[in-house]
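In structure tokens below, several structures.
Shared chain: chain A. Partners: chain B in the first complex, chain C in the second.
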Partner chain A sequence: MLATADLDALFLTFKVASISTILMLLLGTPLAWWLARTTCTWKGFINAIVALPLVLPPTVLGFYLLVFMGPVGLIGELTTWVGLGTLPFTFAGLVVASVLYSMPFVVQPLQAAFTSIGEHPLEAAATLRASPLDTFFSVVIPLAKPGFLTATILGFTHTVGEFGVVLMIGGNIPDKTRVVSVQIYNHVEALEYNEAHWLAGCLLLFSFTVLLILYTVLKTQPNVQQLK
Partner chain B sequence: MLLTSFQRTIIISALLLFGQSSWSATVLVAVAANFSKPMTDIAAEFEKVTGHSAKLSFGSSGKFVAQMENGGPFEVFLSADEKGPEKLEQAGLTVPNTRFVYALGKLVLWSSKPGYVNDQGKILTTGGFKHLALADQKLAPYGVAAVDVLKKMKLFDKLSPLFVQGENIAQTYQFISTANAELGFVALSQVIENGKIANGSGWIIPDNQYAPIRQGAVLMKKGAENPAAPALINYLKSAPALAIIKKYGYDLAN
Partner chain C sequence: MTQPIIACFKLDYGNFILNIDLQLPGTGITVLFGHSGSGKTTLLRCIAGLQHAQQGFLEINGKVWQDSELNLFLPTHKRPLGYVFQEANLFPHLTVAGNLQFGLKRIAKKPGTIDLQHILELLGIENLLKRMPDRLSGGERQRVAIARALALNPEILLMDEPLASLDFKRKQEILPFLSRLHQALNIPVLYVTHSQQEVAQLADTLVILEGGKALASGPLSETLSRLDVPLAQNWDASTVWPVSLIEHETDYHLTRVAFDGGILSLPMIDAAIGTLLRVQIYARDVSIALEAPTATSILNVLPATITGLTDDRGGQSVVRLKVGTQSLLAHITHKSAVLLNLNLGLVVYVQIKGTSILN
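Presenting the complex of A and B:
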């Protein structure tokens, strides 16, 4: 059965994933909108940066975060200067890492959804004197709803599945950084296969259920283009 | 029968080629993270002396045990404890009577800041740090030893909220060397150079503060047919290897 430590790890994982997903939607929506609309020469450059975590090994990201967010790193000096302290081994650090790590899974479906809306609905809204902001909330968001759903689900589940980055910067602290993927790894290393089975089974069931909802109830196509 | 020089060349090459493989083999070794530096040196000497070569994998002992229980390919196992090799022996995966203690591990309280860790580790009592790194006590014997020390100093309850745990001792070292943790417990072999702590500051913890870290090695059945595997086990007991082990601060088992 699941021990208290396992339940704590599950709860912490969903907490990290929820907060990260909200942040990613808040940051990712304007970014995806800009990327979908802009003709700026920097577009390719920004696209490449956003997609980087898709191809980078999590250990690379984890290593850089450990070094740069530490007390002698640039980001670490900055966060200490503004009074936040250093981020490794903290819940906030985990959220920052998750946002960086899962961002492409939020930005890319949104960008694809925004691009597919095209010019016509926006022009129609403009002729009805809708302000750009009004257009965005009354026209773009409803039309891009499937994109938002995909972005939310993929961003959330990808954060739940995060392992390598957390292992590098987490420090395995109960209720702060000991997420479920790390807990499973520790169970396996400690040869506690029974406990590992329970937790792993939970995650398998969760991941499959979410994808099932995504592909059947919400009728999203398993679209490779959206993910790329 | 007379052979042309061409035929002779072919035969000699073939002899050299196949002969080579019988007396110059490669052994795959699973090495506990704390022993990575000495083992790299030992493997280099081993290759020079015997002509065999050793491929080293570093990681936590627990992970290696889990992998070998599930068919992992390692032929020699250098664990950070005695438990791992014993467990594999009970599972019938090792060559009988090949298990032995190759080193006694030494624990050190270490900081990458010079002058930070003072004599007798008084810093642990005075405090002023936010993170204390140690290896996960569930996974690593150096973590168990660190907990021993803290309990003996009656500081465990006070300091446990500050723990950041490395999955193995190498990761623990990484937390401290990047200064993310101000100080922590690592293996002496990780910070020693020419008999001294090379960087930062440290306190080599006296032996009577923690249960001995008896590090066991064993020959796996996977390596029974490979001449390089028993050769490595034997080389580990040789004087040059023992000298390297001592150089990295370990004690030798009697």
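Presenting the complex of A and C:
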């Protein structure tokens, strides 16, 4: 059965995933819109940066974040200067790392959805007195709804499943940074296979259910493959 | 609205240059006619503000919408216009009613506006309101798009080849609606097309575009009959006269119509006396006589003055004539022109062998 420590880890995992997903949608939506619309020469460069976590080993990303957010890193000095202290091994640091790590899973479905809307509905809205911002909320978001659903689900589940980045940047602090994937690793290290089974089973069931909903009920194309 | 539309645009795409300087009437349907690549759609998009011409001046209904010298460019959503796209371009996530409401929700309701119910009846879409756009036929979709644009009570209606994506049957379904709109609206309509049929049927004013420039612009008949425009040389060159029905001759199965220049007899038309009609006369159906023919089977013989004459073009001459205030084209052989010694200003008689009614 699940021990208190395991339940805490589960709770923490979903907390990190929820907060990260909200942040990713808030940041990723304008970014994806810009990427879908711009003809700027920097587009390719930004696209490559956003997609980087797809190909980079999580430990590499985690390592750099550790360095930059640490006491002598650029970001670390900044956060210390504004009175936040350093981010590694804190819940906030974990959220920052998760946002960066899972961002492509939010940005890419959104970007694809925005691109497929095309110019025509936007022009029609403009001739019907809708300002660009108004058009975004009344036309773009409803038309991109499948993209938003895919982005939310993929962003959330991918954050739930992360391990390497968490280990590097978050460590293994109960209630603060010890998420499910780390807890499973702890159990296996301690040869507690029974506990590991329970937790692993929970994650397996969760992930499969979410994907099943995604591909059957919502009839989304399996674009994770296209992404990778 | 009677104030003229002033539209000047310079737009350089490298391989295409739009260079337009037009003054158009503030009433009736002005057709922008040209082949693909002539710049007619680009011109319409510049007027709508969907395309931003680097240099431009645009005044509609006495208000300046663009003046590049003053760095003034009203964005599309602030221009009081209605726009009908080639593909109806309805919002797929909204019902027909939702599409119609979209713009209405965003304007302040002005007193004396055209009410929506009237538009729905005019376009025959009252019973489609609950449907989604993908459950409509092409013709229905286009009618909803027209209603959506008109519902905003715009100061100008811009239509970009609204019939081009429809088959012949659907075209015939919508053209009567457009003709009716013409009489029901008192706003100017700019209508882009490459179809001569739509020009003849709808235009009051015609602008002929080619290679990004306006070749000719003016009242329909006058522009159709301009000899410096390739249209007059075509084998299917024609002019269109506005006429009104004055009398039925039931014994002969004929209808007599009047225009400012005389009277024409046409095959019987099923319409009431006083009805306004458009008569199309093909240049190939018009012949010329120096004296009033006394014995001829042709009913429509009218006095006319020659106002233009082309040189020999492959044995054919195009003659431009004035009948009353109306212009007329005649295609005759070059030999006839020489034998009759046709000259500018000569008064002759035209015999019109055939006519067709457009509405």
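Quick note on the criterion: the second predicted complex is superposed on the first by the 224 of 228 C-alpha atoms of A that agree within 3 Å, B and C clash if a C-alpha of one lies under 4 Å from a C-alpha of the other, contacts with A are read in each partner's own complex, and residues count from 1 in each chain.
Just so it is clear, a contact is a pair of C-beta atoms (placed from the backbone, for glycine too) under 8 Å apart; a residue touches a chain by one contact, two chains touch by 3 or more.
Just so we're clear, the structure is a prediction, and the values are computed from it rather than from any experiment.
Trainee: Touching A:130, do we find chain B (first), chain C (second), both, or neither?
Mentor: second
Trainee: Determine, for the superposed model, which of the two partners chain B and chain C contacts more residues of chain A.
Mentor: Touched residues of chain A are more numerous for B.
Trainee: Can A:191 be said to touch chain B (first), chain C (second), both, or neither?
Mentor: In the superposition, A:191 contacts chain B only.
Trainee: Classify the contacts of A:164 with the two partner chains as first (chain B alone), second (chain C alone), both, or neither.
Mentor: Neither partner.
Trainee: After superposition on the shared chain, which partner residues are touched by A:89: those of chain B (first), chain C (second), both, or neither?
Mentor: first
Trainee: In the overlay, answer first, second, both or neither for which of chain B and chain C A:142 touches.
Mentor: After superposing on A, A:142 lies in contact with chain C but is clear of chain B.
Trainee: Please indicate which partner A:120 is in contact with in the superposed arrangement: first for chain B, second for chain C, both, or neither.
Mentor: The answer is second: A:120 touches chain C but not chain B.
Trainee: Please output the residues of chain A touching chain B within their complex, sorted ascending.
Mentor: Per the touch definition, chain A meets chain B at residues 66-67, 69-73, 85-86, 88-89, 167-168, 171-173, 185-186, 188-191.
Trainee: Okay, in this complex, where on chain C does chain A touch?
Mentor: 48-50, 75-78, 81-83, 85, 87, 89-93, 102-103, 106-107, 148-149, 152
Trainee: Please output the residues of chain A touching chain C within their complex, sorted ascending.
Mentor: 120-121, 123-132, 134, 138-139, 142-143
Trainee: What does chain B use to touch chain A in their complex?
Mentor: Residue positions touching the partner: 60, 62-63, 65-66, 69, 87, 130-131, 133, 136, 138-139, 163-167, 171, 174-175, 178-181.
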